[in-house]
Structures are given as structure tokens and as C-alpha cells.
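Every chain is named by a letter (A, B, C, D, E and F) in the order it is written, and numbering of its residues begins at 1.
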Amino acid sequence: MKLAVFKSDFRTGGDMLDRLSAEKLGIIFVGNGIYHAAVKDAGAADPVLQKSANFYVLAEDLEVRGFNASQVPGNVKVVTYDDVVDLIFNEYEKLVWV
Amino acid sequence: MKLAVFKSDFRTGGDMLDRLSAEKLGIIFVGNGIYHAAVKDAGAADPVLQKSANFYVLAEDLEVRGFNASQVPGNVKVVTYDDVVDLIFNEYEKLVWV
Amino acid sequence: MIKKIAFIIRSLPYKTEASRLAMTHAIASQTVEIYLEDGQNVEPIVALVGDGVMNGLKSQSAKCYGVSTLEQHTKNGLLLDLPIMYCKEDVERLGLTEDSLIMDADDLGGDMKARIVPMSEINAALATATHLQIF
Amino acid sequence: MIKKIAFIIRSLPYKTEASRLAMTHAIASQTVEIYLEDGQNVEPIVALVGDGVMNGLKSQSAKCYGVSTLEQHTKNGLLLDLPIMYCKEDVERLGLTEDSLIMDADDLGGDMKARIVPMSEINAALATATHLQIF
Amino acid sequence: MGKITIGAFPGLVGSLSLDFAVKLSEAAVKKGHSVDFWVSSNGTMLSKKGQRAFKDYSVLYKTLEELFKTGRFQACACEACAEARGYHKEDTMDGWIRKSMDWYLASCYNADRVLLIGGE
Amino acid sequence: MGKITIGAFPGLVGSLSLDFAVKLSEAAVKKGHSVDFWVSSNGTMLSKKGQRAFKDYSVLYKTLEELFKTGRFQACACEACAEARGYHKEDTMDGWIRKSMDWYLASCYNADRVLLIGGE
């Protein structure tokens, strides 16, 4: 299946993400999930970013928290609410929120 | 200081607990904090229980979640709401909730 | 046409309403037909995963708080023929066994049995669902 | 008599109201005297600890959501002379620097400076407080 | 054009998760999609009439009023969840309907996409 | 006998954290202590008049009614937090007062113990 996971928290939900499997996996960082893309905890790359998936981060949720697109790793695409709507309807079939 | 920490969650708050220091430390497991006392995750003793502290667990919160006093390690005292009131007023001066 | 909708429960019970809501919304499939056309129906799949397996623990007693327990909700789900799966890896990780979990609603006259299955099997079931939801 | 009350912020901003509430309640110390006797007062201590240091990050923009930012709250706290401490170990762990954090309210005419201090110093300050609260 | 059902369960006034749900609805409706919006549990707070604007809160009811006007947005609150919290019919903001949980399942049945915002 | 101020901030109807706060108040008052109970943010839901009892929710308002009768229990809701959510004076359960946040700080000043229930 083509699954998009909205990762909305920084410190929880990783266990659930590890258990799911999908042929095509998208991980969309929203809310406090954006810290996965914006921060290196203790200098280490975030383990979520090591997954085999397409990564997206919501621009508005970066900005409200004091970050911007230039601080995000190259393999994470910065998207708007508009883009998220297109991802939902055109790229993925099933959606979950953790 | 004499500090009582109400540990109300299982998967979060440990980082805060690690940062606090007190001459006398009490850790009172309430709410979903009771899993620290009731469960061995992957067979390992819970790291919180290794701390130098007095441990308590609220009987009512064990029972609602399907556990009882016999399932709790010997170094954790099972207490009631009544006991918690006495701990608060007689044993500890400052209280925090994580 | 029957569409499967998956209710994946990863939350511990009681601190929030998440797992309770999963169960009550899944059970609402019993009456969904009034909103649908002939031949249409919803078939829920309930999967308890991660710490969520704790929702099915026996001997929950909510006397003190005066609320229904998640044990009761699990049993009601089985009584109403909802398929309920526990993730085997998580059951084992948390030191639980079949004996410690609600596996049937025999005492209420229910026929459906819960199953403890590997996560791979839960993922296979999720692949057959039209929509997924995580609580 | 002046009593110190500590507001310890460990929560990330926005997902919940926790850190916002810490700031608004600490700032309410400005008007608490109306409820107290002569000579009595409350002195807040604000400590940003763990992930909570993120609340003081510069350049927060809430245009999209139309709410006040935690950056503004941090600055307001300094403007109103609240002592604000960031935990040094956490600032470093998360790759932040003094430049990336709100350290003063100079542009608003405030005198108070925030300080980045080791957790041991925060603990020493907490020991002087009558009551502690974690948000 | 498609239909998405968004469920906001433990979504709360003061949490940007609820803002996310409303902003996503707005973006979807602007693109011509239709949205069913279901609130349950504490999410029913969003349907309360008479909310006041303060600078510490985003003012979601104004966005909802605009969304209702488009005709491509339906919002429904779980009736029992609302009653339990003391929100009766007369407490409900204009535009909202109140139904039991089977309404939500039927909406999911007829939706191209479902997003349940469940985590707290 | 002492006084404890309990703050329930993001405490929610449907979360047993709020039940904990009420049960602890009850136990403290029974032992002769006095309790100031402050709700802020979504915790203000507890002060809403007209809540209905359902089996999936504990019925905290009944315990509160008993506590008010003892004369050793005060409950106060943050006024702005309540207004933001559409709870006006006439929506407030009997026995509750509504004040701004400085009331809570003054209560803390005069309390022997303070317990803020803040985590979600």
C-alpha cells in the first residue's frame, strides 16, 4: 500500500512507525514532528530520517517554531498545506497520524 | 530539599526526573506511571527503579489498569489516596508532576 | 460493498481517551447501515499494538473511578463479533500471556475469539483495509 | 515576605498549551499583590529545561496560525523582569547557541537578561523556591 | 475532486493539532475537494458557541464560518461526547450538526481519504 | 492541618489525570486539610455547567458538589481561558468562582503545598 504517516510528535510515536510496513512510505513531519527534521539531538542524525521513505516537512510548522527551510536536510522536502492536500489525494492512499 | 515527584506517564518525563536533585527524593507512580512498577519491558528492570529514592505506587491506579499489589517489586510501597495526602503533608515539602 | 476500516490502538488506557474512542467508534459499525445504501457496510479491524496491548488486560477494576473499563470494551467488541488482534511481539515484550488477556466473550455468550498474531500478520490485515486510523 | 515560585518548562511549544501557561502564570505575578497583604509578594523563577529550551528560540513566526509566539512570551517575561534560565546542557545538546535564543528584551526597553546556566545552578535556584511546578 | 474525512479526536482548543485539522480542511476545500470534519471526545470543544478571541488562541471559529459557506464542508460533533461535557444543542455553533459515532463511520465509508488525528 | 493548592492545567474531561486531582482533593479534605483547586486552559472544562453522566466518563461534578459543602474546598477557573472556550459566567457550575491567574499565584503563596498537574 501507499502509506503517508503524519509524524506530529518528537519524542513519541517512533515505535508505531517501526511496526508499520508499506510498499510506498511517506513521512510528513507536522506539529512537533518538525523537530525530527530541524534538530540534531546530541549531534546525531535523527533515526527516523534513516528509514526508507519519502520525507516532507510542513513549512508553516517549521516557521512557527523558529526554523526555516534552509535548516532542513536535503532529503526532506519542505511543503505547504496546499502541497499536503496534493500528497494526500495524488501520492498516497492511506493516511495515519502518530 | 525533600521532593516528591508524581510520575504520571510511562514513556515520557524520565529526562526531567534525571535532571532534578533533592536530598530526599520520593517517586510516586500514579496514572500511567504505574507501569514503571507493574511491567518489565523486554524483561529488564525499569531504569527509574534504579534511582536512589523512596518509591510508592497508587493502589487505585494499579487496579484500574489490571494489576495488583502482589505484582509490584518489594522496594515499591503500595499506597492509597489517603496515604498520598500524608506523604504530601508529612514527608515531602515540594511536589512536582511529570 | 463492504469496506474494512482499521482501528490501530497504540495508546495505554485511561490517561487519555484514545483507546476508549477506538473501541467505541469501532463498535459503532453495528449501526452504521442506517447511513448507507443497501449492500454497503463497514467491517472494522481492531489491532492492539505496542503499549496498546495493555488495553486488553484482564482484572481491570474501575470501582474507584466509576467508569467503564477497557477490559469491558474489549469484551464488548468480541461479543459484537469485532475481529481483535494483539501484536505477538508486544505481548511477549511486556511479559503478558494469553491467560492475562481478554481472548473471548464466552461468559456473555459471544463466539468471536481474539488472536495473538505477529506484527507481519497485522500488517497484512491492514493492507486489506480501505482506511487506517491510529489511536 | 517574598516567596519564590518556580516555573520549570520542559515541554516543546505549541502542541500543547503547557509552556504558554507557564509563561502567562509567571507573568501574573505582576498583579498578585492585590490578593496579598502588605509586604507579601511572589517572585517567579523561570527555568527552561530539556526540550523546553526550544520555547526561547528566535524567529518564531505564527502568522499562519494567528497566535502569539512563545518567543514573544519569553521576551515579555524579560521585559517584566522575570529571571529566565536556560539549561546549558540542553542548549548544547540541541545544537543551540546564545545567538539563537532570546536573551534580552533590549528592543522593548527591558533590562533583565536571560542566562544559560548548568543544570546544577538551576537546581540550586529551585532549592530556594517555596513551590515548584513543571510544565 | 475527492472527499476527505478528518477526525479530530482528542484535539483541543489551545493545541495546534486542531489548527492543523482546520487549516488542512481549508486547503482541501480551496482546491475543490470536499471535507467531512468529525470531532469527538475533547475535540467537541471546537463546536462550542460563543468562543472569544484572545491573542493566545487562534480563532478557528472564523475559519469554520467561512468553510461552511463553501458548501463543501460539513462539521459534525459526537453528540454523547458533547453532552457529557455539558454542551447541549443550544450551546452548538451555527453550521455544526451533532450525531452519534456511526455518522463518522459512514462518512469514512464514502471518503476517498481518511485522516484521524488521534495522538495527544 | 494544612492547605494544598492543586492546579489542573491541561487536565481534561476523559483523562484520569483530572480524576486524580479531584480524588486527591477529596482525600485531603476528609483528613481536615483545605484545598484550593485551580483549573486553567482545557482544565476549565471541569467548571462547565450541565455535564451529563455517561458510563464512559467518571462523574466528577457530583464529587465537587460534595466538596463545596465541606467549606474547606474552593474551586476557581481561569476566566480568560474559560471565555476563550465559550464558557461564560452563566455556563459555570454552582460553587465555582472565576478569576485571573494572579488568584492562583496568591493561593500558592498561602499554601503549604502546591501540586501542579501539568503534563499531558
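By our rule, a residue touches a chain if its C-beta (ideal position, glycine included) is under 8 Å from a C-beta of that chain, and two chains touch if they have at least 3 such contacts.
Bear in mind the structure is a predicted one, so any value in this text is a computation, not a measurement.
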Set of chains adjacent to subunit A and to subunit F: B, C, D, E
Result of counting contacting C-beta pairs for D-F and C-F, higher pair: D-F
Most remote chain, CA-based centroid, reference being subunit A: F
Distance between the centres, which are taken as Cα means, of subunit E and subunit D, whole angstrom: 33
Inter-chain centre distance, subunit B versus subunit D - centres from mean C-alpha coordinates, in Å: 28
Centre-of-Cα separation between subunit F and subunit B, whole angstrom: 24
Centre-to-centre distance between subunit B and subunit A (centres being mean Cα positions), rounded to whole Å: 34
Junction residues of subunit C - those touching two or more other chains: 14-17, 24, 51, 64-65, 131-134
Residue numbers of subunit F (touch at least two other chains): 10, 12, 14, 16-17, 23, 41-42, 56-57, 113-114, 116, 118-120
Interface hub residues of subunit A, defined as touching at least two other chains: 8-9, 11-12, 31, 60, 64, 94-98
In contact (per the touch rule at the top): chain pairs: A-B, A-C, A-D, A-E, B-C, B-D, B-F, C-E, C-F, D-E, D-F, E-F
Subunit E-touching residues of subunit C, taken from the complex the two chains share: 3, 5, 11, 16-18, 21-22, 24-25, 28-32, 34-36, 40, 42, 131-135
Complex interface listing, subunit D residues touching subunit A: 12-15, 51, 54, 57-65, 69, 71, 93-95, 100
Subunit A residues within the subunit B interface of the complex: 11-12
Of subunit F, residues touching subunit E in the complex: 10, 12-14, 41-42, 45, 48-54, 56-57, 80, 83-88, 91, 120
Subunit C-touching residues of subunit B, taken from the complex the two chains share: 8-11, 31-32, 35, 39-43, 60, 63-68
